[in-house]
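Structures follow.
Presented sequentially are two complexes of chain A, the first with chain B as partner and the second with chain C.
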Partner chain A sequence: MMLFDSVIAAACLGAAAMALFARDRIAAVAAFLVMGLLVALSWLRLGAPDVALAEAAIGAGLTGALLLRSARRVPKASAKALPPAQWLGAALLSLAVSGAILWTALIVETAAIYPALVNEALPESGVENPVTAVLLNFRAWDTLLEIAVLFAALAVIAVVKPVHPRIAPLGPMMLPFARVVLPLTIFLAGHLLWQGGHAPGGAFQAGAILAGGAIALGLSGMVRPIRWGRAALAGLAILGLGAFVVAALAAELLTGALLGYPAGAAKAWILAIESALTLSIAATLLLLFIGPAERH
Partner chain B sequence: MSDISLIVLLPLLAAVLTAALPRQAAAIGTLATGLNAFLAANLGRQILHSGTVTEAIGDWTAPLGITFDANGLASVMLAMAAIVGLAVSLQAAAGPARAGFWPLWMATLGALNGLFLSSDLFNIYVAFEILGLAAVGLTALAGTRASLRAAFDYLTAGLVGSLLVLLGIALSYSVTGRVDMEAVAMLTQSDTGRIALALIAAGLVVKAALFPLHFWMPGAHSSAAPAASALLSALVVKGALYLVLRLSLEGGAGTEFLRNTLAVLGAGGMLWGAWNALRAERLKLLVAHSTVAQIGLIALAIGVAGNPLETGLWQAAALLMLSHALAKAAMFLAVGRIAEALGHDRISGLNREELRPGPAEFAFAIAAISLVGLPPTAGFIGKWFLIEGLIDKGGIHWIALILLGTALSAAYLSRVVSRCLRGGPHVSATARRPPWRTGDVAALGLATGALLLGLAAALPISLLETPFA
Partner chain C sequence: MISDFAFLISGAGLICLALFRLATSADLLMRVLGLNVLAIGIAMVLLVSARGAEGTDAVPQAFTLTGIVVLVGVTAALLALAERVAEARDE
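Entry: the complex of A and B
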């Protein structure tokens, strides 16, 4: 496996270099996509399947789609080289960051206190997957704020109002593709959502996959843009934060602790919150792709 | 339902509602800021009465879960955000409706409240992400080319800062195995831990716009809309400064080197910001550079505090943060009104024959007095605490630097005040007065607050003196 890992690591670096230095913008984005998939594979090899799933769905998939979408719209960068001060600053920063990471990985002995604590409390968390237990029970407050980050991102986009042209259908092969892919993504998203309780999966991955299916549908030209479509999507997108906040307050009313789920019902609460988050994340990511308002 | 839960969740709920109902956004937002102020006052009263209040979220205690820690310092910061927020909301609700302002501002308030109360490094990092993104939106709100450019610079600088903070937190998790505040004292015990702290501090220096990493800030703060500038300058940079202070308090004596660096950078910022403010041609830019100088002063105060468990010098830093927030928000709101009345904000054009000084000029002058630190303002109390503590400690060179910074701030602010408030033969007999607007009320209210706070400084001081849990 050593050989396999070395090949992945080298390929990651190669793809990153291509993404940085490719002249053609589309080629650079393609290299970035490949790098994302390779990074996801590396996470899998490092024994972090949850991160791998998120990286593949969001880091490679959706970010790649967003970049491809913008690649043509942004005017060509000027051929001017970066000013030396900027270049030097960026190089120094990257070196410092890479050095610190490398040094951490090689020298620092990780104090493994937290996993033991999680395992000890896992039976009370309502789920069997420790990652979900941390994200939606022990440290649910972090996740609530992360949903607020998504909300803030959407609010910023609404302010900046980037120009999003109408999405043109992608040609005759897209429709049959979407016909196959869309039901699959819905099925897969539901599966990942449910699976999050006991195995890798959860709202972020499920939401990203759902958004991917919806984008495929949009590119197939099967659905015409509808007037209230964006408003409904925006409503769905902000529903996630709203539902999470209301759930947090409701839990406090019931148990006296903020985000403290009633004993025995933790799994139901977690699933309900995650379902709302899945829809909201999918709507948010979709809105990032198609833009909050249509302009021509 | 506890006050702590309400004060962190209410703004987020209001953010959702203002986004869902744009027509009622101003009413919902103002109501939420009012409720927030009430909750902050109530929490402060509770802390004065019975000391630090802690709350384990979901009943999972640290280090497994996240705890809220409502201590005296947090309470002063909450009050700072609440007061500035009230004035800014008032101004924004009365001014021209800008779509998108309210959700961003409510998210900012929620993030700030969460940041001040949280006792968990990673959780604070997530709050910073909300704060950083919302601040980018607030900068871009003006819709001009300059503000978009500034927003992009803000985003880039913010991301670099976030990356450094996150890296530091990851490293500190490897070293200590936990991310709650207890980890900070452990970090100071080893070299690796100190490097982790240095990385976090470096990220915070970018986010707080401390010299020499402030390059992105004057542009952002001077090209945003007045209400947004007030929020950015008075509150958003305080989030990072607060965390620096908190780390210094939690780290005890173990962060000597970092504190010295902070003091030196602070002194540099104080002089560099003042120098640029002296040369600025536009009023908003002058106020923004003055923020660089004031952040420098606050960083200096945190840096020279020495072991915060032994001296009360850190309280001077907290008081300076509070007084700067009030004065700077008043100043930005006043500048917005002055620019509105004049149609420009060139300092050379402030001398007007046909327009008498109005309430906005008056508010600017009071805020300037507080920033310089003349009695009886809040700024005076902060500087008094700082200099008194330094005399006890024997830091005469720091005192000299602070006095130099003070003289410079008096110089650059009098460039504006002397032009604004000039009467007599320079004003023609038929000159009119600018009409009163809500923006004037907000600016004047905040400036008066800075003045009154100096007289009622016993309240924040007794809050800061409540023992930490």
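Entry: the complex of A and C
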């Protein structure tokens, strides 16, 4: 598998170079998508399937969709020729920084203290997947703040109010495609959410897949937008953060520790929070794409 | 071991390419794309360092997952701002 890994690692670099230095923006975004999928594959090989799933769904899929949406709307900067000194300086600086990172990663002996601690506490966390245990139990506070960051991004976009993507109906193949793929995304999201307890998966991956399905449906032009749809989505986006905060406070009252779930019931708490988060993340990501407020 | 080294080189290379692009491009969309590539490169280095005798450490994995979700929020906000900048220039 050594050869396979080396080829994947080199292909990531090649795709990144194509994405960063392509003249055409659509080509750049396409190369970025390819890079995201190759990176997801290499993270799978690095033994991090949870992160690989999130990268494929969010990092490649949704970010690619966002970039593609903006590719025509953000005007190109006038291509002024940079002085050679700036090219040289940039090349030297980026080589020096990445070289320093490489060197540090190679020589510093990391004392792995976390795996032992995680393994020791895993039985009482309520879930068997260590990554879910870290995200929703040991370091649940970080995840709560992460949802708050996502919500803050939504607030920024609500204030800035970008134009909505214009939707042109797609060809005759769209309906058969949507009929197969959309039910599958809902099924897959539910599966990933439940599976997150004991195998790779979880709220973020499930939410991203739901959002992807909804974006595909919206871009197909097959459905008429509902008038109160955005308000409902915004409500759903707040729901996740609200439920998480309520759970944190309730746990504080019950056990005296913020987000310290009552012993024995941790699994139910985590599942309840994750279910609310899945819907909320899907709504937030969808709103990040279509824009949270109607523009007048 | 060789595999880990290949991925480490790849991560450092992604960081290098992204930093170079960020320093030489004035194009807002390409800068947002460069920021994404930079974050992916850093995540790759982090994940390679998380490798140990008993599999990949769960805590850096959780960091990286959080990073990916935060990054999509940042990307969406930056793109909205970039579109707004373009409109303000037109007016």
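Quick note on the criterion: the second predicted complex is superposed on the first by the 271 of 296 C-alpha atoms of A that agree within 3 Å, B and C clash if a C-alpha of one lies under 4 Å from a C-alpha of the other, contacts with A are read in each partner's own complex, and residues count from 1 in each chain.
Here is the rule we use: a contact is a pair of C-beta atoms (placed from the backbone, for glycine too) under 8 Å apart; a residue touches a chain by one contact, two chains touch by 3 or more.
Quick caveat: nothing in here was measured; it's all calculated off a predicted structure.
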Is A:Thr185 in contact with chain B, with chain C, with both, or with neither (first, second, both, neither)?
neither
State whether A:Ala257 touches chain B only (first), chain C only (second), both chains, or neither.
first
Regarding the shared-chain residue A:Leu82, is it in contact with chain B (first), chain C (second), both, or neither?
second
If touched residues of chain A are counted for chain B and for chain C, the larger one
C
Once the shared chain is lined up, is A:Leu249 touching chain B (first), chain C (second), both, or neither of them?
first
Taking the superposition as given, does A:Thr278 touch the first partner, chain B, the second, chain C, both, or neither?
neither
Counting only touches as set out at the top, which of chain B and chain C does A:Ser220 meet: first, second, both, neither?
neither
Let me test your reading of the model: by the given contact rule, A:Val51 touches which partner, first (chain B), second (chain C), both or neither?
second
Is A:Ala9 touching anything from chain B or chain C once the two structures are fitted on A? First, second, both or neither.
second
Jot down the residues of chain A that show up as touching in both complexes, chain B in one and chain C in the other.
93, 97, 101, 110, 112, 114, 118, 139, 142, 146, 149, 152-153, 156, 160
Quick one: in the complex, what on chain C touches chain A?
2-4, 6-10, 12-21, 23-30, 32-34, 36-37, 40-41, 43-45, 47-52, 54-62, 64-66, 68-77, 79-84, 86, 89
So in the complex, the part of chain A that touches chain B is made up of which residues?
93, 97, 100-101, 104, 107-114, 117-118, 121, 137-142, 144-146, 148-149, 151-153, 155-156, 158-160, 234-235, 238, 241-242, 245-246, 248-249, 251-253, 255, 257-261
Chain C-facing residues of chain A, complex
1-2, 5-6, 9-10, 12-13, 16-17, 19-21, 25, 28-29, 32, 35-36, 39, 42-43, 45-48, 50-51, 54-55, 58-59, 62-63, 66-67, 69-71, 73-78, 80, 82, 86-87, 89-91, 93-95, 97-99, 101-102, 105-106, 110, 112, 114-115, 118-119, 130-131, 133-135, 139, 142-143, 146, 149-150, 152-154, 156-157, 160-163, 204, 281, 285, 288-289, 291
Could you list, by residue number, the parts of chain B that touch chain A in their complex?
1-2, 4-5, 9, 12-13, 15-17, 19-20, 55-60, 63-66, 99-100, 103-104, 107, 110-111, 114, 122-123, 126-127, 129-130, 133-134, 136-137, 140-141, 148, 151, 160, 163-164, 167, 170-171, 173-178, 192, 195, 199
